[in-house]
Amino acid sequence: MSAFLDMGGYAAYVWPAYAVTLTVVVLNIVWAQRLLKRSRKEALHRLAIGGTQK
Amino acid sequence: MAWTWFHRLASPPHVYRLAGRLTPWLAWPAAVLIVAGLIGGLVLAPPDYQQGDGYRILYVHAPSAWMSLMVYTTMAVAAAIGLIWRMKVAHAVAASCAPIGASFTFAALVTGSLWGAPMWGTYWQWDPRLTSELILLFLYLGYMGLRSAFDDVQRADRVSAVLAIVGVVNVPIIHYSVIWWNSLHQAPSVMRLGKPTMPLPMLVPLLMMLLGFTLFFGALLLVRLRGEVLSRERAASWISEAVRP
Amino acid sequence: MSDLCLKGENVHLWRGDHHVLRGVRFQVAGGECLQLTGANGAGKTTLLRTACGLAYPEGGEITWCGENIRKDMHAFHAQLAYLGHEPPLKAELTARENLCYWVGVRRDLEREELDGALERVGADDWADRPVRTLSAGQKRRAALAGLTLMRVPLWLLDEPTTNLDAEGQKLVGSLIDEHLRAGGVAIAAVHHGLAVSMASALKRMELTLD
Amino acid sequence: MTNSGAMGRRDDAPVREHEGTPIPARGDHERSAVSALSAARLMLARDLKLAFRKRSQLVQPLAFFAIVTTLFPLGVSPELTRLRPMAAGVVWAAALLSSLLALELLFRDDAQDGTLEQYALCGRSLTWLLAAKTAAHWLLTGLPLALMAPLAGLALGAPTAAVPGIVASVAVGTVALSLIGAIGAALTLGIRRSGALLSLLTLPLEIPVLIFGARATELAIDGRAYGAPLQLLAALAVLGLTLAPLAAAAAVRINLE
């Protein structure tokens, strides 16, 4: 296991690279969901203030 | 007949519902492929005879770099469709692409520099691949900056679409000019990706990661697209049905 | 009989979240002038800009002589003159130079013609002064000279009488009269009525806020 | 639908005597009309005349170029042996920035006083008219820069034999810069304080020009053949010439909406 974590001496490069990518992936998920949630709220708000033309 | 299909596909309520229904179908395979690719890449694949375990950064760097270009292309194609056929949904796709692409371009830059560090002895080399990625990041930032400079979504959509198209014409020119520039000044890059001679246990996880990331992009795009479609719709009656749980 | 006709069918346009044009319909034929009135923000300027093809209506269509104006925009534009809020003049050039460049991209101008148009709007004295030194009313008059020089059948005028004295307002009226008598079409957004003598040729339309 | 049906009924048809302004019949405008090319020529003449009426704007990019190239010896070293290897890069970076400086105003003034709108509505190809405006921009900034660049090169240690090479590369390269810049200026037309955004949009697109231009200049300074990069630079300029005015016209139309 420790050999795996050591990555043949490249641990200081390999793990940060994976960490950065993982962070980007997770952040993208969070951002996307936040965008959807906010748009829903704004859409409902717009409906509530009665912009119902058309 | 093809046109009715086209317009039905492009109608916001339809897109909103379809995107919602499709998302899990992309997200779960993406998750499975990425986990399998990680296991394959980090555990099962043998170390490289030259770069030892350091090459394993490939399994995150290559998908990120692939995303950076693929997303830009998607964005430009969507922008062109939006501009030519005045299709709001296409503009919504383009708008959804930019932050995803920019973040993966950033990841490609960081992982590339981390990969290069043990090989070059420094974190930054003016390597053609990294330099191109850096310029691509600037293109994304410019696109997002232009988009956010307008209050009116419609105008932001259309103006930034022109930029996306101009950018996509330029990307290959930039790429080849950077390679040309680099070949004058230093030895070729240490990052040789996806050589056909790559042994299968190394190649399979890479392909899984590439496919997994692509599907992941699809899922992200669909979620964002729903948000963008909602924000472009002005008080249409379908929203109340679609939004209320 | 002239077959000129500018027609708007159920024109819709939004500005952001604001639904500015809500199913506007209009029809103006040769020899007619449509006078647009309405409060500030009611969409007069937006309607004019939509009618000339600058703004894109999200619903409905605008036709010129029965053809959608977007079908051949260049041909349509070659037949219209649009005057916006501000006279489209470069401050560093003289009134005469401005007209040369402005109208010159459309058609070749004879010197006599240019002199005639300048004289008509009372610009003899200041035609060769830089526009920067002219008053707002003089600029407006110079723009009117450009309008007549274009020799086009369709006029779209946004507040053509702003900054003009009583005499200038009469001038606008008589220019439109002549244009209509020659079979032209005009739409003018105004706050006060136009001093047009051919009242029979005048149609009125009021745009409302919401 | 408050607006619909507000039209008055049309009364008797007005008398149509042909006095006053003669109205050409539909399609008749073609006869006396000005071709796209001569319209573009008129546009070019107008922009040149305007520029010479406001000379300060003409001089500013050149002064900026001079001062940027002066900064390098002060920041690096007064020794020509150290400056010479970077002369090409300095000249090009300064040229890029100075060409950018004048860009913000390329369409801004015309948009503000309404003349741009009139050009968009004149029934002539806006693409050609904007190409003419871009040509004016090049004549007013690119060409003077090309003539000034050798001075900067000489001051940074380039030999006199390099002068034709520097002039040629900067002259050709600034054509591409003006064209790419015109797209950026057209895109940011509707934005109030657009300077920083304009640079962020345009500079990445201009990188190939920088690469080939600086290479040609570098070879010229070293006394070697600079034909290859100069040809690539010319290819970029030609490509820009065919595509940039189209993109700029599209962007201007969107921003006028």
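Each chain gets a letter, A, B, C and D, in the order it is written, and its residues are counted from 1.
One rule holds for everything that comes next: contacts are C-beta pairs under 8 Å (C-beta built on N, C-alpha and C of every residue); 3 or more make two chains touch, one makes a residue touch a chain.
These figures come from a predicted structure and were not determined experimentally.
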> In terms of CA centroid distance, which chain is the most far removed from subunit B?
Replying inline: C
>> Between B-C and A-B, which chain pair shares more contacting C-beta pairs?
In response: A-B
>> Just the number, please: Cα centre separation of subunit A and subunit D in whole Å.
In response: 41
> Which integer distance in Å separates the CA centroid of subunit B from that of subunit C?
Replying inline: 48
> CA centre of subunit A versus CA centre of subunit B: separation in Å?
Replying inline: 14
> Could you state the distance in Å from the CA-based centre of subunit A to that of subunit C?
Replying inline: 53
>> Please output the residue numbers of subunit C that touch at least 2 other chains, ranges allowed.
In response: 17, 19, 22, 56
>> I need the residues of subunit D touching at least two other chains; which ones are they?
In response: 257
> What are the residues of subunit B that contact at least two other chains?
Replying inline: 234-235
> Contact residues on subunit C for subunit D in the complex?
Replying inline: 1-4, 10, 21-27, 29-32, 49, 52-56, 65, 74-80, 82, 84-93, 97, 101-102, 104-108, 148, 151-153, 177-184, 198, 200-201, 203-208, 210
> Where on subunit B is subunit D touching in the complex?
Replying inline: 83, 135, 138-139, 141-142, 145-146, 149-150, 155, 158-159, 162-163, 165-167, 169-170, 173-174, 177-178, 180-181, 184
> Where on subunit D is subunit B touching in the complex?
Replying inline: 183, 187-188, 190-191, 194, 197, 200-201, 203-205, 207-208, 211-212, 215, 232, 236, 239, 243, 247, 250-251, 254-255, 257
> Once bound in the complex, which stretches of subunit B touch subunit A?
Replying inline: 42-43, 47, 52-54, 56-57, 60-61, 63-64, 99-100, 103-104, 106-107, 110-111, 114-115, 117-118, 216, 220, 223-224, 226-228, 230-231, 233-237, 239-240, 243-244
> In the complex of these two chains, what residues of subunit B are touching subunit C?
Replying inline: 86, 151-154, 234-235
